[in-house]
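Here chain A shows up in two complexes: once beside chain B, once beside chain C.
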Partner chain A sequence: MEDYKFLFKIVLVGNAGVGKTCLVRRFTQGLFPPGQGATIGVDFMIKTVEVEGEKIKLQIWDTAGQERFRSITQSYYRSAHALILVYDISCQPTFDCLPDWLREIQEYANSKVLKILVGNKTDRDDREIPTQIGEEFAKQHDMYFLETSAKEAENVERLFYEIAAELIGQARSKDGSSAAAAAAAQRQSEGSGSIGLGSFSAKAAQSNCCGGSSSSNTNPNTSQAG
Partner chain B sequence: MSDDLPEEFDLIVVGTGFTESCIAAAASRIGKTVLHIDANEYYGDAWSSFNLEAFNCLLEQPNFTLRNGSYIWHGPESKEENEEMEIVSWTRETLLEKSRRFSLDLSPRVAYSDGELVKLLIKSNICRYAEFRAVDHVCILSNDELVSVPCSRSDVFNTKMLTMVEKRMLMKFLTACNDYKEEDELSFRGRTFLEYLQAQRVTDKIGTCVMQAIAMCDANTSFEVGMQRTNRFLGSLGRYGNTPFLFPMYGSGELPQCFCRLCAVFGGVYCLKRSLDGITQAEQSNELLVSSAGKTLRAKQVVCAPAQLPASLARHYGELKPHISRGLFIAASPLGNEELNKGGGGVILLRLLAEEGAREACLLQLAHYSGTCPEGLYIFHLTTPAISEDPSADLAAFTAQLFQANAPQILYSAYFTLTAQTIPKTSTAMPICCTAAPTYELDYDAAIANARDIFDKLYGEAEEFLPRAPDPEEIVVEGEDPSALREHSLPEDLRAQLQQMDIAE
Partner chain C sequence: MNTLHLSELISSWDISTTEKVDEGLKRIAAKEAEVNARLEAVLSKQCQVEAKLSGIGRAMATLLTVENDSNKLNLQIVNTAQLAESVSAKVRRLDLARCRASECQQRVHDLIDLQLCSQGVVKAINEEDYEKGAGHIARFLAMDQQLLQRTADDVQGSITSVSDAVRTLEDATEKMRELISKRFDEAVQHDDLASVERFFKIFPLVGCHRIGIEKFCGYICQKLSAKAQKELRNTQDIAKAERRMHLAFADRLTAILENFARVVEVNQPIIEAFYGQECTSLLDMVTILQRECDLEVKNLLLEFNKHRQIQYRIKQVNDSAQRSGGAGGANNSIQSTLGHYRKPSGGSIDKLNPKDIDAIIAEITVMHSRIELYFRFMRRRLQTNAETYLQDKDAQKNIQSDYERVVKQCDLSRQMQEILSTYLLFERYFMEESVMKAIGLDTYEAGQQCSSMVDDVFFILRKSIRRSLTTQSINGTCAVINNVASCLDGDFVTALKAPLKSGYPSGYIDLAQAYNAIQTSLQQGKLHSSDADRVRTNFIVQLNNADMSTEYIETLWQTMEQEIAGTFPSISPVERHLLDGCLTELKTVLDALKATVDFGIQQLRSSAIRPRLNPWVDEFLNYSHHLTEEELSTYEAGETFVQYFIVQLDGLLNSFKNALSPRNYDALVSILATEVTNRLERAIKKSTFNRLGGLVLDQEVRALGTYLTGATSWSVRDKMTRLSQIATLLNLDKVSELSEYWNPENNTEMPSWRLTPNEVRTIFTLRIDFRMEDIKRLQL
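Let's look at the complex of A and B:
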């Protein structure tokens, strides 16, 4: 078993072409593939970071192209700890669509999800959205704000590290207040945790019937930030 | 980036229900270009789930899939009306305020832990998009009381419903079923499972447990089928939870979306709010010309949910008939005693019979841990094969058994009918494949078999149906040194692709 304290799920949304995939790949692989098309087969990327002496595993999910015709599945938003809403600072329409995205986020995502607004492509010299406008929009809608360039690797590390730090903070404050209550609830109702099949598949294949093994949360490392 | 839809596809799939989504994912997974559309603005079609407000809207506006919809509020409208009463925790207002916390299924299902669905999800790696919750109890009705059927060895010995003698009897019976091989018990071949059970001289109580909850049989079920079902139940024990069943977190409507996600990850194009308006055969090729939203698209094959067929084709399929009668109730208290609903648990499965076993219904109780309703509330899903256009009349025999003796505090009740067409064996005159509407079943076996059949018909049995998708760590990224890749860890088909690339170079 890999050694990490927390696993956080981060999802990206925003119009097609604003650089969501580039941000993920810059951060997880240190790459910036220019003019790339849709990446077939890439689902989410994983990177382990160390923040405040803790090993944190970030699972970063991309839209798989479903944003192109505004057809992202609801399940994409489920159990996300943080949500990065991206626009292109050199493309006004991508900024104008933000309210539509917020409506969708409000509808489907956990109301307590950590939201970050990101203006990407600061390397471009044909900026259409001044920093201040982005900042104000973020403030209005209770989001963190950052401008990045996936191409120049500007603020990309910072974006994900800050998310990790914020999520740890949230998880810890929750640990302190309600861990006991949560554990009690867990004890009372055996198997109250949700089950991911993948992590159990190897075990399931081995176990025989009438094994009567007890159930438990299969993701002990997943911390709910919300 | 252009938002224009490409005009040519290997496969166009219409409808995002479970079966269609399965086919779309399977085709995309073997490298076919797929366009997946749905006339609705949501995923899932007849397999979808809705928040409370959206669900009410759906009931008010009948469509091809759903009709005879109605709903009633039983609680007070708002707090003001009930000032005299001391505690009014739930009102119509407070329920609607929390509308988004509900995930109300049109076609709720459970999955056997070792059943077809779970095996398919694990084999294809689609399981990474899904979360499940173990069903807490499988119940039977005994003297109007909900009683939990002991599932595990320790359950059997701890249960208060059976005497010591009965406990030994049940264990002996289940062990015998578990050890059963086809060459054994030749004497019961061609007879019923009930006859076999009676020959074992079990008590009535054990007989009910086995027939109702474990083997889920009726008096006419053959010995072989009953044995098969018993072993499916036993084989799914001890894997994830206390019972052999799992329920998808946030509702069964999540599952089609998991398959759609896989399809998209492998290049499938998704477009909701887009219908199939017409379809014709291209003159000089085998291609199909599909008109949708004023555009003509070309496809080698088309798969369509019957409810989303254009009117010109739908008439070939006969009229829509009532197929499944559904009841959905929201209550402030659960069915069964406290023991069954400990600590916010209380996902309960119960098979009900009426008219001396001639009719059956399935009850699924959900609690907030399933992610389908706010804390403190319970959802009861009732499902039975339709026998009329009146879902509440169809279900009356079952609601009477459930709600009369120990009535839970019901706040809202809704009824509707899911329809289906009588689909003839696809004739050669029809250029497209139609999927089947959701049938009355507990798990997804029939739907998966339907998807697999259509997939085999389209691409031949040589193509694997949903092979394992690679984990993110295994993906080759352009510009990376391919030798750094651990080739042995790749799934077969990707390794083969990689080798072909090497040869081409």
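Let's look at the complex of A and C:
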């Protein structure tokens, strides 16, 4: 028996070439492989992280973005605890497709699934989608929002750690309301210095914390647990 | 020293008296004697010492000679070393000279060959003896061109002849290359296979490996394409008449791929023999052939899509998904009511009947697996080729990764993925529709514990998963397993749960309720006693179905594990994880089913057990527990409470025993036991007992325990412990007797007490003949 308390399934979706595989590789292996080929079907990675003193196993399903793999990738939505919807901030079409993706999520995923909108490639100079547009979209559709750069390793750790923290919160509140209350109280007392759940829970409401490049290093837990 | 010593001795002596002087004298004399003896001993050794000294003197003389000799030797060695060095320098020079000589010889040979070749090649070309000419050119190309140039420079005198020869040969090479290309093209035009092969073998001789491969592949592609077009036209016509109609396109695809595979297989030895030194030749060939293969498969698939109306059917499938989605969010378990299943699939004209696509699905899986096999074949060929011709492991790896790149980029892979996508879409539709149909057509035969849908549904699911395995695609298999899990978790569990949710109609619980029930049914104008029966049977059957399904899922999982291991013997760790991740989805469904069973049993508890059980247990209160000897015998002669109670319980359990599956029945008995003991304990606590009343109670509790234990294979003894301990307490003669039971060491055969000291005291107060102060005095 492996030593972990929670197991969460995270599925990454989004158009081809937005950097899903790079995000996963950066997080699980600390690499940024240039010239990454298109994913075939579904790839699978595991990483165990420690959040709030708990060992958590993250099963990360990295799906192919190309249309012809849709019927494979769709089958993974149902069992996901969290869905990361990725677009490329330097490519308007990948953003324009988001409603289609949401429709698909609506159709196949669990209604209570945690949804995170991620604008990737913040290292690029040719930004086409301003942070605020992404934020607004996320807010509209009840999603969390974060901008990342797999190349510069910016916000990547944070993305997954905050998902883990949020999912723990959900799991605990499911275990029993008293436990949830305790967890909530604990979170309250920890304040903003904690795992960043505070800023994350506020969904896209808190604008600058997600888009700014300076915020990635302010989180002690995230940087230490890497 | 001796003297000093002596004088010291003497000076220290007292020589004041004669006696003492005498004594001193004596001592001196003794000393003298002693010294003399020592002196003699030393003198006696003189001879030996002298002998030894003379020996040393002689040895010294000998050593001198040795020293001389060794000096001489040293000199000699130095000389020899010098000699050896000079010899080896000479040998080196000699070696160098020999090397140069042989190099020179080689150049001479080359020159001679050059002359011969230059003369021969022209002649050969003129005589159209291409093999010979190419042989000459091959010989020429094998020569070091730079060296040849230097030779030409070196041999000043005949510079013209060498340069001429080189020029002749270079020209001839050019000419030959052109000629062979031309002849090859001619041969292709005349469709002269022998000539094609002849010139194909000549290309490497004139240093045109790549051109040779390209030209030859071009020829083969041309042949194959013509063949494919002809056969494709025939496919539909011929296949229609034959039994394999439904596999016509799969067969055609197989034929195409086999053709390409055969080309590679047949030509591999030729390439290895004639193009051997160029190790990428086979890869080049495969790469070129792949382009043609892509094209032909594409044509075939276009035909397939047209003929089998794939696009139209995909649209139908998507439409039906959207329709059910439009009804209130697809796959949302809440809106799936029973009526949803009654919807006949295939009833309306535009709705696709899952049976219609069954054959197409099978055909697609065959097609997909053929392509997979084709790639596997090519991979193996290239691997063995690389292993024989390349020693370097890295170079072997390069060939393989080069081919993987070809595979990844080729159109065939893309087509394959499209096919898989279509397959998954159809398979999901087939599965979901068939499962719904099975649920809709659910029938129950009297005497069975489960209804038809469990067997049907699992048959369909197993079929789907098996079929996914035949695609030879891990991604496809994973997706189908996921779909199976979501199908079970959604439609199937919902269907099982629906009747369980509405509860178990428990007939007339009490008269008032029964009266009300009849009144309402009368008002609604339908009084069917069979109605409630039907709902009851349905409830039990679905409960059994759920229980059976948990077993089926485990079996399904195990067989899948085995079959997956059989289908994908060499699976990578990542793929293994992928499959395991999907298989665990089935386990979550298993948990959902177990929860469903629990839910159903709880429903039974609240609607079937509790309402009926309570009045029976409450009967206990109607009996007197203050018995005289006489009353006791009367009571025992008549129907005792426990007899009545057991008869009732037996009646209740028997009504379920054959209807419920063994596991469900055991769960029911377990719940029943819990309810009985709880209720009876409460009834006991409401009563008071005398000595004989306690005795009777103890007997009755024992009888009840025996009955319940016998009713099931499960151990219900544990559930009875508390009750039998209460009975034991009430059956005591005196309060003080308790100490015999209470201490743990005294009751090894009895389970530890489930009662707290306070509870024990409370129970004792139920015995009217136990005095309060005795109870209070108890040390617990």
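The rule is short, and it goes like this: the second predicted complex is superposed on the first by the 162 of 226 C-alpha atoms of A that agree within 3 Å, B and C clash if a C-alpha of one lies under 4 Å from a C-alpha of the other, contacts with A are read in each partner's own complex, and residues count from 1 in each chain.
Going forward, a contact is a pair of C-beta atoms (placed from the backbone, for glycine too) under 8 Å apart; a residue touches a chain by one contact, two chains touch by 3 or more.
Just so we're clear, the structure is a prediction, and the values are computed from it rather than from any experiment.
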Quiz item: Between chain B (first) and chain C (second), which, if any, makes contact with A:H81: first, second, both or neither?
Solution: neither
Quiz prompt | Partner chain in contact with A:G65 - chain B first, chain C second, else both or neither | solution = first
Quiz item: After lining up the shared chain so the two structures overlap, which partner does A:I46 touch, if you call chain B first and chain C second: first, second, both or neither?
Solution: both
Quiz item: Is A:E107 touching the first partner chain B, the second partner chain C, both, or neither of them?
Solution: both
Practice problem: Would you check which partner chain A:Q29 touches, where first means chain B only, second means chain C only, and both and neither mean what they say? | Solution: first
Quiz item: On chain A, which partner touches more residues: chain B or chain C?
Solution: B
Quiz item: Does the superposition put A:K57 against chain B (first), chain C (second), both, or neither?
Solution: neither
Quiz item: Same chain A residues contacting chain B and chain C, which ones?
Solution: 40-44, 46, 66, 68-71, 74-76, 78-79, 107
Practice problem: Would you mind writing out the residues of chain A in touch with chain B in their complex? | Solution: 16-17, 25, 29, 31, 33, 36, 38-46, 64-66, 68-71, 73-76, 78-79, 107, 185, 187-192, 194-198, 200-201, 204, 207-213, 215
Quiz item: Given the complex with chain C, which residues does chain A contribute to the contact?
Solution: 9, 37, 40-44, 46, 59, 61, 66, 68-72, 74-76, 78-79, 106-108, 111
Quiz item: Where on chain C does chain A make contact in their complex?
Solution: 325, 329-332, 408, 414, 417-418, 420-422, 424-425, 428, 474-476, 478-480, 482-483, 485-486, 489, 574, 577-578, 581, 585, 588
Self-check item: In the complex with chain A, residue positions of chain B that touch it
Solution: 1, 3, 5, 42-43, 100, 113-114, 118, 121-122, 125, 127-134, 136, 152-155, 174-175, 178, 234-242, 246, 249-250, 254, 257-258, 260-261, 264-267, 269-272, 274, 342-345, 369, 371, 469-470, 472-473, 475, 477-480
